[in-house]
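Common to both upcoming complexes is chain A, partnered first by chain B, then by chain C.
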Partner chain A sequence: MKFRCERDVLVEALGISGRAVSRGGLPGLSGVRAELAGDQLSLTGSDLDLTITIDVTVAGERDGVAVVPARLASDIVRALEPGAVSISAEADELSISAGRSNFSIRLIAADDFPQIAGLPEESVSLSCNQLAEALRQVIPAASGDDSRPILTGVLLAAEADGLRLVATDSYRLSMRDVAGVSVLAEGQSVLIPSRALNELNRILGQADKVELRLGEREASFEVGSVKLVTRLIEGEFPNYRGLIPDTHPNVLTVSRDELLDALRRVKLLARETTPVRLEMSEEGLELVAVTQDVGTAREQVEGSYVGSPLTVAFNPQYLLEGIEVAKAEQITLSTIDELKPALVRIAGVEEFLYLLMPVRVS
Partner chain B sequence: MTGPPSAESTKLRKSATIMHVDMDAFFVSVEMRENPSLVGKPVVVGGTGARGVVAAANYEARVFGIHSAMPSAVAKRACPHAVFVAGNHKLYSQVSQGLMDIFERVTPLVEPLSLDEAFLDVAGAERLLGPAPEIARQVRQTVWDEQRLHCSVGIAGSKLVAKLASQDAKPRIVERQVLRGLGVKVVPVGTETEYLWPLPVRAMWGVGPKTEERLTQFGIRTVGELAEVPLDVLIGAVGRASGVHLHAVANGRDDRPVEPNRPAKSISNEETFGTDLTDPVQLHTELVRLADSVAGRLRSSGFRGRTISIKVRYPSFKTLTRSVTLKRPTDSGNKILHVADQLFSELDVSQGVRLLGLGVSGLVSQSTDQLSFDDLAKEPNGAETIDVVVDEIRSKFGSGAIGPATLVRNDEGASRLDRKEKGRQQWGPIESVEGPCDDYPGGRM
Partner chain C sequence: MRLVIADCTVDYSGRLTAHLPRATRLLMVKADGCVAVHADGGAYKPLNWMNAPNVFTEYEDHWTVVSPKGEELLITLHSVLSDSVHDLGLDPGLQKDGVEAHLQELLALEPHHIERGMTLIRREFPTEIGPVDLLCRDPDGNTVAIEIKRRGEIDGVEQLTRYLDFLNRNPDLAPVRGLFVAQEIRPQARTLAGDRSIGTVEVDYDELRGIERPQQRLF
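On to the complex of A and B.
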């Protein structure tokens, strides 16, 4: 394999494909697979669960395949002077030259690199902007705890009028409907690792449309010249519908930005496991955080409240993440009592909801 | 802090529930335990070289006026037949760990001060283990049973007074005779100043030779005299920080909490059986008893734990532990039992079980409990509610009033609950012929 290209093209390509490379995992997976055919260079990184491939155009001289150490190659190329870079792979060595710099590094055996399963030809096209917005709203609620793998995924389900995305870590649940998008057959749903969707979100800005393909065990997303393939999570997503209460007797309507700012300030005094208390009455809302031996924070937030006076405590981070993704002028917080799930919604909008369990204060 | 004490600074306890446990002649006692030929002789642990100093002396040696920090050469002159031992810090640390473990079985609120002394806050433990003086008695018994060491306990409403009281409980030397100490000394809440004021100022924490000298210059010799000095005068004499502290404590105001410097690590119970158990039903019953007891202690101390572990000692003394970490912390007896049962079922117990233990670690304070959607699925009258009711009944009618049905025994026609209680088998099998210390054959920990 031998080619020349601009340093910046290679830096970006190694950066994107390298994000799927596992750190400290199997030695065969610490590399990026480079394949040159004509002027087309494909770089692929994979950790078996997630595979990212990017195609770039280079000045090809000799076709071939090589697996290069991802971190090292990326660090070297990034450090070179701007301009043209020459790459060639001979036997088990990769040489990188630019200007007066010459590097020669050991390659990784190509046989160790995982094979990617085939996916169906037919694809569904989605708007990148629409998907990106929906992902930003649900991903934060997915669990990072591998002891319950199902909850580390985001559910994509077909709903009557479109696509629904749901994620929950059992403490909060975020749900977003995207109307008019039919990706799945009616009643069908898939569970996609949130880590893969996080990576997808980083590249969605590169094109207007994303092509989605669903296989038995994998799903692929194609954005421009980047293709992301992820394993699907097997298993039954919890029955989230039953969690969402039909009615909430108490509804608080506030300015989202004001609440966000106040919460960020009061959160400074909610250390470790201390919750933030929301004291709601006709007068509006007061946020209170008290950490023993540290101090107290209080802040009033203007708002309209319908219902009986109530104090509910929340993990400030969970509440913050829900409000952050409810991008609107006015939001509502609906509550039942201090032990039942509360609901964050955008005022007058049905397609998004964030359900949050309180913290019990004894 | 210059005005009258605010409500914040006088969160005084309603009853004496702070214990200060102090080992008697710790280093030397450990040496005597390891080498019984030393018993009855004056023994000194310390450097034996020309510049060596005494680290510790037993009471027999103290009769000759030997005390810690005295040059070894002087000690030798005072008592030429005393046995000098170099000391084994590693061993002392090991023994200390064993002691702290005993304390932590009483309450997670243990604040070690050094290898051989610690504060215990037993306010929560009282509900299960009885009043503080009874807990102190149990602690002394366990320390003796498990470590063959003596300790003295001071009980008061504050750390300062508890620490002074433990010194009062110690053995003392009168006319070259060692007199047995009280073992436990209680200073009831409300009588602190009465107790403190006759004491010389140097008895107080924070009064070293320098401060003592300075106070003497002002004619202050006793704590009572110190208490009468206006705060600003005292600050002028000994500086602000020291003055404020001394003024408060001399007036019996010391609200420093017992602060475990290692956060409460675990709550556990274990039981050594009189005869090795092989019957699975009986073993299950023991697990029920342990789970009930550990869960009760978790709740009374305001903790929940995530990691549940069991310990099984076989007749061969081979000891296994198995543990599992739950997604969410629990203090429910049923939940703990369920997990312990599963862990237990994976062990081969055909050879019999000599000791069974159950512990919960990974403790978090109960006061902040992030609810989860899983909680919504629970029965409204589920296990958690039962635990609350059980605790209430026990606090009113005593710990034997209610418990798991598995623990009901028939004694001569009358049913009674065979709950696990501290001071019962905790310290060793009741029916053992060899006595309670056969837990450690061929030497101790």
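On to the complex of A and C.
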């Protein structure tokens, strides 16, 4: 394999494919598989759960396949002077040359690299912007704790009028409906690892459309020249519908930006496990954080409140993340009492909700 | 246990040679015959030592400790500042810390917290190399060996691997799968366990004790 290409093109391609490369584990998985056919170079990184392939156009001289140590190759190419880079793989060595710099590094045995599963030809086209926005709203609620794998995924479920995305870490739940999008058959749902969707979100800005293919155990997303394949999570997602209360007697309507700014300030005094208290009454909202031996923060936020005066406490980070993804001028916080789940919504919009359990305070 | 504080010089000869120049040190001679030379630092680690069995010979101004392989520790005593002997009696052995022992006790009572449908066969199930914390049966009738730690580190996975090796030699129990259970499992331990087909489960100590956490859950 031999080719020339611009350093920046190669840096970006190695960076994108390298994001799926395994940290530790099988030796073959620490590499990026490079395959050159004519002027098309495909770089693939995989950790068996997630595989990312990117195609770039280079000046090809000799076709071939090589598995290069991902981190080292990326660090070398990134450190080179801007301009053209020559790459050549001979036997078990990769040569990287640019200007007066020459590197020779040992290749990884190509046989050690995993075979990537094939996926159905049939694909569904989705708007990148629409999907990116929906993913941004639900991914933060997915769990990062691998001991409960089901909660590390985002549920994609077919709904009568479109696609529903749901994620929960058991403390909060985020749900977004995307109307008019038909990806799955009626009643079908799949659970996609949030890590893969996070990576997908990084590349969604590169094109207008994303092609989605669903296999029995894998899903693939194709965005421009990048293809991301992820395994699906097997298992039953919690029955989230039963968690969402039908009615909330108390509703606070506030400016999202004002609440967000105030919360960020008050959060400075909410250390570690300290919750932030929301004191709601007809006069509006007051945020309070008290940390023993550190201090107190209070801030009033204008807003309209309908219901009985109520003080409810939340983990400030969870609340912040819910408000951050509710991008609108006005949002509502609906509550029942100080112990039952509260609901963050965009005022007048049904497509999104963020359900959050309060923190018990004395 | 004999404790001697002495101004001494120490020479070791064996696989290599080592010399400790003249200084005041603690010389520890244990009842089992082990001899260790300690400085006033370096935590638990001796500067030099000779494990039992060995031949300990005491002369007026020096000691020699010779191992069966011919390694020799020569301790030259320039002056002895203190020399005392204490009978420590029979050691009761290492007790697991309170949380770990309590975790084991709670999970033995309610093994379904580890995995749905799990039932206990025996707590502290003996193997040739020590007892495995819990031996359970899963709903499919398979035997499951469970090692419980407060913090799940790589050494805990290694320990469970050794137990599984022995347990799987028992035709009445085999096949035995392993589960590594801890309050918190380090990523490296999780990776190693996965590589060895050992399952990992994190458990909430407070929840097991029935203590309500301030941060409530939706489910």
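Everything that follows uses one rule, which is that the second predicted complex is superposed on the first by the 362 of 362 C-alpha atoms of A that agree within 3 Å, B and C clash if a C-alpha of one lies under 4 Å from a C-alpha of the other, contacts with A are read in each partner's own complex, and residues count from 1 in each chain.
Everything that follows uses one rule, which is that a contact is a pair of C-beta atoms (placed from the backbone, for glycine too) under 8 Å apart; a residue touches a chain by one contact, two chains touch by 3 or more.
Computed from a prediction, not measured in an experiment: that's the story for all the values here.
When both complexes are superposed on chain A, chain B and chain C clash. Of the two partner chains placed around the shared chain by superposition, chain C is the only one that A:Asp146 touches, whereas chain B remains out of contact.
Within the superposed three-chain model, A:Gln115 lies out of touch with both chain B and chain C [touch as defined at top]. Of the two partner chains placed by the overlay, chain B and chain C both lie in contact with A:Pro275.
By the touch criterion defined above, A:Thr247 lies against neither chain B nor chain C after alignment on the C-alpha atoms of chain A. Contacts of A:Leu339 after superposition on the shared chain: both chain B and chain C are touched.
In the overlay built on the shared chain, the residue A:Met357 is in contact with chain B and with chain C. Residues 145, 147, 168, 170-171, 173, 238, 243, 273, 275, 315, 339, 341, 357-361 of chain A contact both chain B in one complex and chain C in the other.
On chain B, the positions that touch chain A within their shared complex are 327, 364-376. By the touch criterion given at the top, residues 185, 188, 190-191, 195, 200-202, 212-219 of chain C touch chain A in their complex. Considering their complex, residues 145, 147-148, 168, 170-171, 173, 238, 243, 273-275, 313, 315, 339-341, 357-362 of chain A touch chain B. Touching chain C in their complex are the following residues of chain A: 24-25, 145-147, 168, 170-173, 238, 243, 273, 275, 315, 339, 341, 355, 357-361.
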